[in-house]
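In what follows, structures are represented as structure tokens.
Next, two complexes with chain A in common: one pairs it with chain B, the other with chain C.
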Partner chain A sequence: MKFFWFLIFLAVWEIIRISGNFSPLIFPSVKDVVASLVSSSIDGEIFFQLLFSLFIIFISLAAGTVAAFILVLGSHVSGILDSLLKSLVSFFHPLPGIAILPAVILWTGTGIESIFIIVIHSVLWPMVTNLHTGYSSIPENYSFFRKNYRMNHFQMFTGITLPYSLPYILAGLKISFARSWRALISAEMIFGAAGGKGGIGWYIFSKRVYMDTAGIYAGLLVIIVIGIVIEELFFTCIEQKTVRKWGMIS
Partner chain B sequence: MKYRTAAAFLLLILITSLLSCASEEKDKKIIIAEQYGLAYAPLQIMRVEKSLEKKLHGWTVEWKKLANTAAIREAMLSDNLDIGFMGLPPFLIGYDRGMEWKMFTGLCRAPIGLVTWKENIRKLSDFTENDRIALPQPGSIQHILLTMASEKEIGNPSFFDNRIVTMSHPDGMNALLSRKDITAHFTSPPFIMKELKQPGFRLVVSGEEAMGGNFTFIGGTVKNSFAEKHPDAVAALYSVIKDTIHFISTKPEEASDILSEIYRMDREELENYLTWDGMVFTQDISGMDRFILFMKNNSYLKNDIREEDIYYR
Partner chain C sequence: MGYDQLNSIIRLENISHAYGGNKSVLSDISLEIPEKSFYSILGPSGCGKSTLLKISASMLKPQAGHVYVKDRIVHSPDPERIIVFQDDNQLFPWMTVRENISFPLRLLGRSIIDKRSEILEKQVYLDGYTDYYPSQLSGGMRKRTIIARALSSEPEILLLDEPFSSLDIQTRITLHKLIYSIWEKTGITVVFVTHDIDEALTLSSDIAVMNSSGSFTSIFRNSFAGSFGEMSIDFFTRRKELMNMIESPEKI
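Take a look at the complex of A and B:
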């Protein structure tokens, strides 16, 4: 279905282009966009830029998730930590990643560290919120199991806590991915080549300054495809193998 | 239902494309864009003194300050700009990609160059992996001069391409003065003079060394459709620039009075910069051939550009 609409979109695009009302520097032909995509893929440029962006996202998602776990577990141990964490979430959750950029540049400069700070910031708070909800929604009764079956904390964690909160973890990951992906691309477009590699946002920006309009659209297309692959295929696949199979969500 | 949505979508596109045709009719209005820096001083004087309005009776003159040439090109494409002032390389890149514009005047030559605060950086090969260079954008005159210099010294024009941070001149200067990860700044007047006044700051390479001769820093471009419709307006603009440049060179004190207010600088300091060695306001264009040659050889330009085609006369 999506594919059908995509074809319609392409057709409308070509009609507008052929109508000749716009300069090809605004509306390049679909052929040019594909050609730009192909040539960037052949020389590996877009591939490496993309890999670099995804690498940053992956590291930040992992670091953010682990940090969120630690924070949430901590908040279940101590009441003070709990109220601190709740306050921190309400302070920082509403801040878009790109909004803290000027402050982050002041602290750490324009290197790769600041990109990590911004992306981890976009990952951490939605993750904490979701984990917290997931953890809190485990029914009281389950802690009796632990006593009856004499499970230790680790067994309790892997056997009950983790599977039970998995839908929330997955939802958290989805939101975190979407947020961090947006934050990263915006940051790359402002920073330039952070860490000497660039990233997909920088790819689009450099296409802009060299006035390669087809290249701009090629970059956008890649971002869309990555979004679809990750959000629809990757997460749907994990869901089907786990929470859907276990009947936790329908 | 589906068809209805699709039809509505198509209609929306149709309307927007029609609207864009309708808005084309705007007579007797000229929109001019410039950027940051002392190189644009004649334009600043023209703007506050309303010199162009005095020459073009019944015209509305609108001035815009844009952060970089990409913004100027985009504004022209979307029909929000008639005249733009910029460095020669970004003009050439636009021309190469099919922008329908021509250069109708030069504006100045200027002392530009790469400034660093780091003690151990004396030449380009002293830069390490972790050093960052701030400049307005890839493809800008600063960037092209940097690639020229690195081709000469290091043998690799794209050597610094992944160590560039894009910043407007004022932001770049602030970043450099804070002595953090931005180790060098390729910049132009008055920023370059202010930076070089700082203790320990020094010039690594100048624009003229990179280029191997002098060159026009900023020129004025006009959109072809505007020039065809209003050749008289372009001619008037050209002659007003000529008069203003003459005014600056014959009466630098008066010019500095006007400019020190606009640039929010001390009058003495400004006059000093305005008459700085290498700061020359002139409508002659020089160095275009060398930019074309270098940029073609290094694939910044795709087509063979002949110098006689790119000027408006």
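Take a look at the complex of A and C:
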């Protein structure tokens, strides 16, 4: 169905272009966009940029998730930590990643570190919020079970807490991915290439500099495709094999 | 009758408890539960019988009094006293029937896990459902899985808190027969909390009747245990007596 509407969209695009009311610099032909995509693919440029962006996201998602787990576990051990964490979340959760960029550039310069900081910032707070909700909703029955069999903290964490939190982890990852992907592309556009690796955001930005409109749209197309692949195929696939199969979400 | 010993396995001594400074739920309760008995604590809802069961499992620390298991004072829960509650969410949804049943065995580091789980699955008629997840099972099957899991580590005492009250009548009867036959065969001590007089009468070797103010009005050996479906005149007379005992006119 999505594919059908996509074809309709392409047709409308072509009609507008052929009507000749707009400059080809604004409405390049579908053929040019595809050609730009193909040539960027052949010389590997677009894949290279994409891999770089995804690599940053992946590392940050992993780091953010682990950090969120540590913070949430800590907040269940100490009341002071809990109150601190709740306050931190309410301070930083509403802050868009891109908004803290100028401050981050002041601290760390325009290197890859600042991109990591922005992306981890986008991952951490939604992840903490979700994990906190998951952790707090562990049924009382499980804690009776834990006491009955005298489970230690490690057994409890790996055997019950982690699988029980999986729906919350997945929901957190989805939100985190969406937020960090947007933050990353924005940051890349502002930073430009660090050592030739600017990511997909930089790819689009540099195409604008050279007025390569077809290249801009090619970059956008790639972002859309990545979004669909990750948000719909990747997460849906994991959900089907775990929480959906177990009846934990419907 | 499945037992003839008079040794008590659980002894509650002068237990008092109240939640959060409110009116006390239990005041100065003492009770001896004989080894290998099917011991029902029968009482109206809100009388404190579930609180007493949690205290017996050491899941709740009473404000006063002591719990003894085989004359040893106990303070914390242990795998010899497994407690099972009413709700279905005691199973782990991410584990299959087999994984749920064998989980306690793995936690306790037992060596024979699969064989034991297989025997338990047969015992509760779930041998065709080894790889099913709890969400794929009916309410009765989930209850059977919970029972099998509770039995897996071979505890000495099984504490059941109205385990069947959410089930339809047919499923309940099947499970009554199942738990009764397990009790007869294994010689486990069952402490069974219920508000259902028929359930108490058909299953228990002993019944302790609690009134709505949380004290025992009668404790007796029950002669109708295992009498599934045979409801004699005596049964109904007894039922009527118990009904009067647990009723609290001021609350109706």
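By our rule, the second predicted complex is superposed on the first by the 248 of 250 C-alpha atoms of A that agree within 3 Å, B and C clash if a C-alpha of one lies under 4 Å from a C-alpha of the other, contacts with A are read in each partner's own complex, and residues count from 1 in each chain.
The working rule: a residue touches a chain if its C-beta (ideal position, glycine included) is under 8 Å from a C-beta of that chain, and two chains touch if they have at least 3 such contacts.
Just so we're clear, the structure is a prediction, and the values are computed from it rather than from any experiment.
Student: Once chain A from each complex is brought into register, does chain C clash with chain B or fit beside it?
Tutor: Once chain A is superposed (C-alpha atoms), there is room for both chain B and chain C without a clash.
Student: Name the contact category of A:209: first (chain B only), second (chain C only), both, or neither.
Tutor: In the superposition, A:209 contacts chain B only.
Student: With the two structures laid over each other on chain A, which partner does A:242 touch: chain B (first), chain C (second), both, or neither?
Tutor: Touch partner of A:242: chain C, not chain B.
Student: Which chain makes contact with more of the residues of chain A, chain B or else chain C?
Tutor: B
Student: After the superposition, pull out the minimum Cα separation from chain B to chain C in whole angstrom, please.
Tutor: So the smallest C-alpha gap separating chain B from chain C comes to 37 Å.
Student: Which chain A residues contact chain B in one complex and chain C in the other?
Tutor: none
Student: Could you please specify the touching residues of chain A with respect to chain C in the complex?
Tutor: 139, 141-142, 144-145, 147-151, 155, 159-160, 163-164, 166, 242, 245-248
Student: Considering only the defined contacts, which chain B positions touch chain A in the complex?
Tutor: 6, 9-10, 13, 17, 20-21, 68-70, 73, 77-78, 90, 93-94, 97-100, 129-130, 132, 137-140, 161-166, 175, 180-182, 300
Student: What residues on chain C touch chain A, complex-wise?
Tutor: Residues in contact with chain A: 57, 59, 76-79, 81-83, 85, 87, 89-90, 92-94, 103-104, 107-108, 133-136, 153.
Student: Which residues of chain A touch chain B once you look at their complex with the stated criterion?
Tutor: Per the touch definition, chain A meets chain B at residues 8, 12, 16, 19, 21-26, 109-111, 190-193, 196-198, 205-206, 208-213.
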